[in-house]
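Letters A, B, C and D mark the chains in the order given here, with residues in each chain numbered from 1 onward.
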Amino acid sequence: MRDVQSERDSRRISIDRVGVSDVSYPIVVLDQKENIQHTVASVTMSVSLPHEYRGTHMSRFIEVLGEFQGRVTLSSLEHITEDLRKILDAECAELDFSFPYFLLRKAPVTGIASYTRYDVTFKATKGDVFDLVTTVVVPVQTLCPCSREISEKGAHNQRASVEISVRMKGLVWIEELVEIAEKNASAPVYTLLKREDEKFVTEQAYNTPRFVEDVLRDVAVALEGEERISWYRIRVTSNESIHNHNAFASLERDKTRSAEGRAECLPGGAGK
Amino acid sequence: MRDVQSERDSRRISIDRVGVSDVSYPIVVLDQKENIQHTVASVTMSVSLPHEYRGTHMSRFIEVLGEFQGRVTLSSLEHITEDLRKILDAECAELDFSFPYFLLRKAPVTGIASYTRYDVTFKATKGDVFDLVTTVVVPVQTLCPCSREISEKGAHNQRASVEISVRMKGLVWIEELVEIAEKNASAPVYTLLKREDEKFVTEQAYNTPRFVEDVLRDVAVALEGEERISWYRIRVTSNESIHNHNAFASLERDKTRSAEGRAECLPGGAGK
Amino acid sequence: MRDVQSERDSRRISIDRVGVSDVSYPIVVLDQKENIQHTVASVTMSVSLPHEYRGTHMSRFIEVLGEFQGRVTLSSLEHITEDLRKILDAECAELDFSFPYFLLRKAPVTGIASYTRYDVTFKATKGDVFDLVTTVVVPVQTLCPCSREISEKGAHNQRASVEISVRMKGLVWIEELVEIAEKNASAPVYTLLKREDEKFVTEQAYNTPRFVEDVLRDVAVALEGEERISWYRIRVTSNESIHNHNAFASLERDKTRSAEGRAECLPGGAGK
Amino acid sequence: MRDVQSERDSRRISIDRVGVSDVSYPIVVLDQKENIQHTVASVTMSVSLPHEYRGTHMSRFIEVLGEFQGRVTLSSLEHITEDLRKILDAECAELDFSFPYFLLRKAPVTGIASYTRYDVTFKATKGDVFDLVTTVVVPVQTLCPCSREISEKGAHNQRASVEISVRMKGLVWIEELVEIAEKNASAPVYTLLKREDEKFVTEQAYNTPRFVEDVLRDVAVALEGEERISWYRIRVTSNESIHNHNAFASLERDKTRSAEGRAECLPGGAGK
């Protein structure tokens, strides 16, 4: 049977990435308490393709995925990307796993537990070196300092999200990033709150007004001070309750580069 | 060229609906001030198919759509469905246009105007009689009465939506349904608010606490009292700022049926 | 602490459904081989509310959800809805679990296994009686009979989906509904196919041309003949590869009603 | 009234971007034939924020948007970003308009016209210099060369999309980018095709088999040869009809940099 993909290509154009995307697959991840968590990932897998090959062999991505039986850990991410490089004879392999991750959280007063969902992405790239970006999206609440200041009573508040991406020098657990995000918002959100808890959270938010700029900066201070983190990107998005659009703030810092700490005016900025 | 669709089918199964969906098309609609509004619709068009035909002719849906040059009015909806019935020799034709609709709204104190988006759907069905369901989704704010009552200061509030669907005996403008939804929430949302407006809206919401149940009932009272409306369905959904999930309430009433006003325990209820 | 929700309401409007929606929660389901499958559900829970109460107690939905520790089976669905009715003193309780469900499937020639994702929904309603609608969405391939017939070579084909909803008199497994959908399409889809498999599937589809109308009717014949099913609704949607929109066909049949088998021209038809 | 946003901030963290996102707004754009096209945009507007300010004034974004009355042209994009910089006293301003854009297209044999939707984004950044990235997503059809080669009859084909982003030295119309994408796929897609057209398109695709890698490279050749384009990024995504996931290929080239034309193994590659 002819292998069309392996034929020579004469257009002299190497391809940055070729692969499969939006593969929905059951995976297992390890949490901080060493427990196994079953979840469902959206997977993207790709390699670079030298100019002389017409195509890559897409089925091999899924074969490699199957071989790891859905076990997603820091070491398996490096192994999978390394396997992809070898099997597909590529200079570079990349892997994205995006999945919901649940933590059992206690309501602040009654202590009743319920699961909160966090959205996690691992983006692993393997060329000469291995690179891993871990992202977690944490739902929180923000309460507007301006609205509180100028209004006689009340203050508009709303659901917001804190997206933290990091590169690590030492292991940082998802649970730690979640805690940084929740501590620096006006209040966390919970799946289950009894009335005493609702009173607590309402007052906590009222007493902790935060612009998206505030949340962003406080999270940045925490990440800047964490030695295990070498690079980070933060985006805080607030689903403004007085508008039908969102407010957001974002920044990106590479601690390994010059320490100016100044935002550059590059297209895309810290965002996309 | 063989007409496969027109061949006889022997399975003896008539089809309720066959057609095209998710057709993105530019349309023009008329607003209450008799102005033309250009927008973009997601269109679904279908007919019933008798058991003896193998298939329908899908291209004719798009041809009919083109003939009307995107003009969507109450009378064109009836004409389009009637044309579909004739051209496709069908007992029944159905048409859905879903589109964003913009109204210029003034901020409550400064009076500065900006556009607010409302999502509108016309669902037209033509069999022996013509039936039209008009739906509008209105973004609003809700402020929780319980949170306000039990907390020393503040109250959680959030973006919410009021979805109103109606069948009419007399013409009711989208603008009128928008007004009913906005009047009965804790506060409307606006695209542009200056600080004075923000103070006003924050206080308005604090002084008008509303559960989703409250908004639902007040909207129901308004629709019940409106003689031009013969049937309605309401769904209020609140993006709770203390949770990462929503609260909702829904009901459906047919004024032409028995006036019990009692919720039936039928699967699906008023919602879906 | 004041219980605002329990206060009397004077608007005399009973509410069909009030509750929580879009709750993301980890669940476990049992598959046909008696294995446990961990997955993530989007959950909606609601009750009817008599006219005299101002509101329902939303936190109790989540408490009930927690008590069942995410175990979703036919019997737990009845228990949860019955518990909700009692705890919230409601005539009617409703529960929706929507979740991805994975089956290990073998490629047709090489037999290599990979997971395919199916989207399942259980909608349980408990009033005087218990009602359950099970829905599964099955990705498949359709190849156009008209395109094949009129073209010298090739035929357009595309990814499509078969959505089957049923009410049961006897237990029907999700796996059985999946099989009915896949058997009656032009070909199934697979996550992993080697070249021999790709050849097989391409030829299978070419030799099994199917309009959405054909898939719909063949699935209907299978469901009609299955005694354990008392009611069904089918929707076949094809992501036409020659258009940027979809073709669809839908029907709904209640075997317990008159056996005319004729499509009625009611608004909404079999669809939504 | 206190201006909380203007207060001094002591955290010494400058912010890359702060602003509003997901603002839905009616806009008008100019097409190549000098006609005005009304459409609906999703708008993001942001500025950089020096470390000494606590917050930005979000309402001013919407005011600036309103002043331009939705007129989106190359020159208005530069004016809007420049205005934002001045009004908000920022080093850097950024603006994203994403909107559906329609072109009237003729079916290949019958010549009957219908609208095809293309998704366009303008991303404008203004610091010391003005930067503009124009992106258009073009729906097309791909037919698999491997499937065609190894199968006795037929070949799997599917809807795909070609996303082209460019920076320009001279004006390139959206219509030109659309043409480049459609010419280099297996076939374009059309909203309206009669049977003669369907035959043509089916045969055209069968006679023009293309991997995502092929489409990517042919589009790259065209963009490389176009002097008005100084930088480009391409992503081709194919909704594989034999799988429930996608195949994709991507690359990014900056003509102003070294002419190696080799893919680098940087995280994210050409994509995101």
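As a convention for this text, contacts are C-beta pairs under 8 Å (C-beta built on N, C-alpha and C of every residue); 3 or more make two chains touch, one makes a residue touch a chain.
Remember, predicted model here, so these are calculated numbers, not experimental data.
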**Prompt:** By CA centroid distance, what chain is farthest from subunit B?
**Reply:** A
**Prompt:** Given the two chain pairs B-C and A-C, which is bridged by the higher number of C-beta pairs in contact?
**Reply:** B-C
**Asked** Since subunit A and subunit D share one sequence, what rotation angle in degrees maps the C-alpha trace of one onto the other, as a multiple of 5?
**Response** 180
**Item:** Mean-CA-position distance for subunit C and subunit B (Å)
**Value:** 24
**Asked** So, what's the distance in Å between the C-alpha centres of subunit D and subunit C?
**Response** 35
**Request:** Take the average of all CA coordinates in subunit A, do the same for subunit C, and state the distance between these two points in whole angstrom.
**Result:** 30
**Request:** Any chance you could list the residues of subunit C touching two or more other chains?
**Result:** 1, 23-24, 117, 146, 150, 191, 193, 195, 199, 243-245
**Request:** Provide the residue numbers of subunit C that touch subunit D in the complex, in ascending order.
**Result:** 116-117, 139, 141, 143-144, 146-148, 150-159, 187, 189-191, 193, 195, 198-199, 201-203, 205-207, 239-245
**Item:** In the complex, subunit C residues that touch subunit B
**Value:** 1-2, 4-5, 9, 11-24, 46, 48-49, 51, 54-56, 58, 91-92, 94, 123, 125-128, 131, 133, 145-146, 149-150, 211-214, 216-218, 220-221, 237, 243-252, 261-272
**Asked** In their complex, what parts of subunit B are in touch with subunit D?
**Response** 1, 3, 23-26, 37-40, 59, 62-63, 66, 100, 102, 112-115, 117, 191-196, 199
